[in-house]
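What follows is chain A paired twice: with chain B in the first complex and chain C in the second.
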Partner chain A sequence: MTRQEQIALAVAVLALALVPVVADDFWLVQIFGQSFALGLVALSLNFLSGYGGFVSMAQTTLAGCAGYMVALTSVNAVGKGVPLHPVASIGLALGVSALAGAFVGWISVRLHGVYMLMLTLALAMGFFFFAQQNVELFNAFDGIRGVVVPNVAGVSLRSPKIFFYMSLVCSAAALFAVMITGRSPFGLVLKALRDHPRKAAALGFDVAAHRIAAFAGSGLLAGCGGIFYTWFNQRISASTVGLGMINSVLIMAIIGGLRSPIGAFTGAFAYVLINTFASGLVGAERVNTLVGSAFVAVVLASPDGIAGAAKYVRSRVRQSSLFERFVAQPASGSARSAVNE
Partner chain B sequence: MLKLAVLSLLNGISVAALYFIVASGFTVTFGLMRTINLAYGSLFLIGGYVGYQVGDLTRNWYLAMIAGSAIAGLSGAVLQWGVLDRLRGQDMRQALVTIGLSIVAADVLLAVFGGLTYQFTPPDWMQATVSLGVFGGYPAFRLLLIALSLFIGVFIWAGLTCTRVGLAIRAGVDDREMLSAIGVNPSRLFVIVATCGSALAGLAGVIGGTALSISPGEDSRYLLASLVVTIVGGMGSIAGAAVGALLVGLLEQVGLLYFPNYSIVAVYLVMVGVLALRPQGLVRGTA
Partner chain C sequence: MTICASHFGNRPMTWAMLAAGMTLMAHDAVAQSGDTIRIGTMFVTEGALASLGQEANRGLEIALAEFDGTIAGKKIVVFKEGTNATPDLAVQKARKLIEQDKVDVIVGPLSGGEGLAVKEYAKTVPSKTFVNGAAASQDTTMRDPAPNLFSFRVDGAQMTAGLGKYVYDEKKYRNVAIVAEDYAYPYTQVAGFVSEFCGRGGKIADRYWVPLGTKDYSSVIARIPSDVDAVYVVVGGADAVNFLSQYYQTGGKAPLIGGSITVDSDVLNSKGPFRSKIIGILSSSNSADESEAPEWQAFAKTYRARFPDGLPAPSSLAAAYYISMKAMLLGLQAARGDVSGNQDVLKEALRTLKFDTPTGPISLDQNRQAIADNFLMEVTSRPDGSLYNKVVKVVPQVNATLNMPREPYIAMGAPSRTNPPCRQVGKVL
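On to the complex of A and B.
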């Protein structure tokens, strides 16, 4: 992280910290709180794809694991699970999402590019159908309603200002952690794996262990987002981990720019704004057409998303395409041989 | 109890037949052309809905079937020619674009056809029940579906191995430049393959709408089935698609009978097991 980036991030966080002075509760929770929660999930995808070149569709599912866990360990309206102390509940939720992340990383450890995308998509949709089918644990289609957000010193963590600051601090910390990781030895090995897995392996790095650790870390990030999102909605159901949400997280990450960690939050913010306000323009039912078309346009025109476009304008130097950089390099032929090894 | 088991076995095979028809197109276009199209679920829905509309107007199920396949085939051809061929070799962008298009397609289809569940009425002779002796009766339509999927499987296999077009397709996969040097246009060839695959998805839409039903959200179910079948069976292999579809269909239906809360999990355990032991899939691709 360069000094310039550090200053930019600090200024942005300080500016956001002043938002409650002017914004009402609707903006604090519905717009900013929701953006931070979803941004954390998108950040977990940006982390994986930006550093490791793994485009995982399972991040929503990892967030959902934490969300279900926190719902099941809180007081809720459907009487499922066992209420625990909030600290234990959050700790368990993050543990489960990190474990689930490691599991996804382990299953897909030999896959690259679009093969990994297909497998993680299949896993994610399998979890959705499972959650929708299973009554015992997930309460099937209805999900866990009326999740009670814990109180600290008599104040609910769901009260607008508290929720806003909590999600802001957590997002800033996660963003900082991801940027620091990019410069750390671990992050450098991930980038080496992205650019040339075989060379990295030949240098003696344990490819599998690094990949699994990266997925576990992304599970932690997604888990934070999942907990906030469950608190935000005060419920979680199968549709929270369904195809619509899986696609939405991908859209946020791509629109914001897969390679820039901040892009996750700009993408989430843009998505929440469109979702909230475009319904007034095109009707609530047709928002997906708008969002989907915008997504297709971004993929075709600017693979680096908003962040890429901004960078382009700033430096006026043409960036090499994101996808050619980290996905097309094992051209389809060698990706296949990597699968067959 | 045995009767129930046999019936659920037959249900599993007929669902597998449906999955196979959708997945065979997916696996052939992906395995042979290295073109990934994640909008197959949408093509299934388009075929089903348009077929229903035509069938409703003309009261003719055969016309519905033809219309459903034709519209899906046409959409697939436009998609291949207009978008996917331009992103040749960039499979990740192909995947993302088709995901985006399937979001739009699902939304537009919902706007046009609403959230209703449609079911086709097949011709009378298909509605008969075939007697299976001590095991009771079984709908003739589902047995026809199983036969049709077998026919399609053999047809694709024979087409790829024994015809000049199949030869050209396999050659185009191995060396596109050389193929065009000897006077074949690979882009046009791949549009033909995409059209056939998409038409199969549309056909499955009408047949699936007759054997089961068609409604919003079915697209994700068939996309998922295609992915799992392809991953389990091996990319680009028709035999693999058949094995994968059978495995998924049987586990799903038999699981529904014996462990209804967890039948999906069984499918995934098998998928994970296959990936751990044979990452290339059960049957290796042909090209």
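On to the complex of A and C.
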């Protein structure tokens, strides 16, 4: 992570930190809070596919594991589970999602491409159908409702500003961690596994261990998102880990751009905006038509998503003669070009 | 190639989105005004129950048209949201309507699981008023109700009133298997049927629960015992079409008894070879396609005139949303459009509201749950070959406990896969 990137991330976080000055509670929680929660889940997919080339459809399930765990260890309206201290509850939830991530990684350790996609999808659907039919633990279709979000010093973590800042800080930290990992030896090995697994293995890297560790890490990221999403809805049910949600997370990751970690959050934000306001634009019956059209438009116009499009526009602007003449310094103009990134 | 792209690449996008966001926020502040009444409504537009949502929309449009867009000089603005029958999305949509669209009141949701979820949400915004759309799960109002939620829609159990007794006495069924969707509304319908049928002395062979949105019923159909007198089927929308097609394709012999949306007008008018086989199926609901009542005839006439592409007769969901929306509008009228503060005037007006609907007079009990007539019907063929539900019997003014003593009824506990058990009790309807 370069110094420039660090400054940019800091500026973006600071700008977002000022949002509560102008935004009402709806925007803080329903738009930004939800975007951060879903963005974390999309980030876990982005991390796996961007670095390792693993397209996992089970990320929503990992988030769901953490979500169900936090719901079952909180006070809830259906009387399932055992209420625990919030710290224990969150710790357990993250532990479960990381373990589940490692499990998915272990199961799919030898698979690539579409085979990995199918297997992780099968695991995810298995979990969905189990959650939908198991009454004893998951309370089936109706799920765990009325989940009470813990109080800290008398203030509910679900109060809009607290929830906004908490999810913002967690998202920024996760983004930072993912970008650091990208430059770390571990991240470089993942990229080697993506580009040429057999060569990497021949060089002595333990392919299986790295893959399982990457999945466990992605489970941790998804778990954070799952906890926030459960607190956001104050409930969780099978539909939270269903095919619709799995698709949505994939759509977010793709329209944001799979090649850049921040794409997960721009994608989630774009998706939440469309999903929330589409009914006002095109009517209640045509929301999915709009989401689908936006998805197709982004994929057609810019395969690297919103992040890729922004990068493309910037490089074109830098290359244009107007930019050279009026903005760029003659000496550094070509050196700063984004083309070589 | 670097995977971890520079953040500068995304910054313009981030700013653009922020700017777009701020614009929307500013727009919202302007849209607020004191001379309007903002009504939010939600119904299912996706998944197995989507066709029911279409009918719901037709029903509420008819009610809105009756009031010509104004109440007490205030303009009515309606915000519609679509759901997929899952409780998660229902809560998100309700929250969006209240917080973003700043609606004063909500009419909805449609499905039973959604009803329980929206009830929990309603408790967190006690100043707003909710009128249930068509959610027919019992605990939308019976246990742990929200004081600001009013249900002019009968619940699933009320919609079975008279059915268990009728099939026991008239059809002489003694041993019935149950196939139902696995969520709160079918639990409630089964609870109503079981308490009455078993109360007379009937036996339940087994209860089979299928997930909402199931496409393949062959494994369930194969497990239905061959010696049952009938099968009580509580599935709706696309699920009902699938079940009925597959039941007759696989040679199902036992006669069927329909839940309230299993053979409603919406299913009867869908395509499929099962249509010739389902004539004679008995069912019960809060409305009847060809009711003789002049109010229903007038409603059906308006429906057909307004929606030429609709069904030959409005379905029970069209009736339910018509009644729910009309109740809200009548309440607002009685409150002279006052939706300020705690909306106490409106809430009091709804609590005491009693009006004649296309399905008979409706009023509320102490838990703000509808007391209404119930219809037993039989699928019948019109001369032109189309199907409709012919009224067999009307059970007048059924309350939430099926006119049984209230305390013991509530003490039976929330309906579930196994509750209530099949027991013969002393007193039945």
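Following the convention adopted for this analysis, the second predicted complex is superposed on the first by the 312 of 341 C-alpha atoms of A that agree within 3 Å, B and C clash if a C-alpha of one lies under 4 Å from a C-alpha of the other, contacts with A are read in each partner's own complex, and residues count from 1 in each chain.
Just so we're on the same page, a residue touches a chain if its C-beta (ideal position, glycine included) is under 8 Å from a C-beta of that chain, and two chains touch if they have at least 3 such contacts.
The shown structure was predicted, so the numbers you read here are calculated from the model rather than taken from an experiment.
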Which of chain B and chain C A:Pro20 touches, first, second, both or neither: neither
Touching partner for A:Gly113 - first (chain B), second (chain C), both, neither: first
Chain B versus chain C as contact partner of A:Asn288, first or second or both or neither: both
Chain A residues touched by each partner, larger count belonging to chain B or chain C: C
Touching partner for A:Val135 - first (chain B), second (chain C), both, neither: both
Which superposed partner A:Val296 touches (first chain B, second chain C, both, neither): first
First, second, both or neither for A:Gly280, with chain B first and chain C second: second
Chain B versus chain C as contact partner of A:Pro261, first or second or both or neither: second
Shared chain A contacts, counted only where both chain B and chain C touch the same residue: 129, 133, 135, 242, 285, 288, 341
Residues of chain A defined as touching chain B within the complex: 55, 107, 110-111, 113-114, 117-119, 121-123, 125-126, 129-130, 133-136, 242-243, 247, 250-251, 254, 285-286, 288-289, 291-293, 295-296, 299-300, 303, 323-324, 327-328, 331-332, 335-336, 339-341
Residue ranges of chain A touching chain C (in the complex, touch as defined): 1-2, 4-5, 8-9, 11-12, 15, 19, 22-27, 30-31, 50-51, 77, 129, 132-133, 135, 140-143, 145-146, 179, 182-183, 191, 233-237, 239-240, 242, 244, 259-263, 266, 269-270, 273, 276-277, 279-280, 283-285, 287-288, 306-307, 309-311, 313-314, 338, 341
Chain B to chain A touching residues, read off their complex: 34, 36, 38, 89-97, 99-101, 103-104, 106-108, 110-111, 220-221, 223-224, 227-228, 230-231, 235, 260-265, 267-268, 271-272, 275-276, 279-280, 284
Complex contact set, residues of chain C against chain A: 2-14, 17-18, 20-22, 24-25, 28, 42-43, 45-46, 54, 57, 79-82, 84, 86-89, 91-92, 95-96, 99-101, 113, 116-117, 120, 144, 182-184, 209, 211-212, 416-417
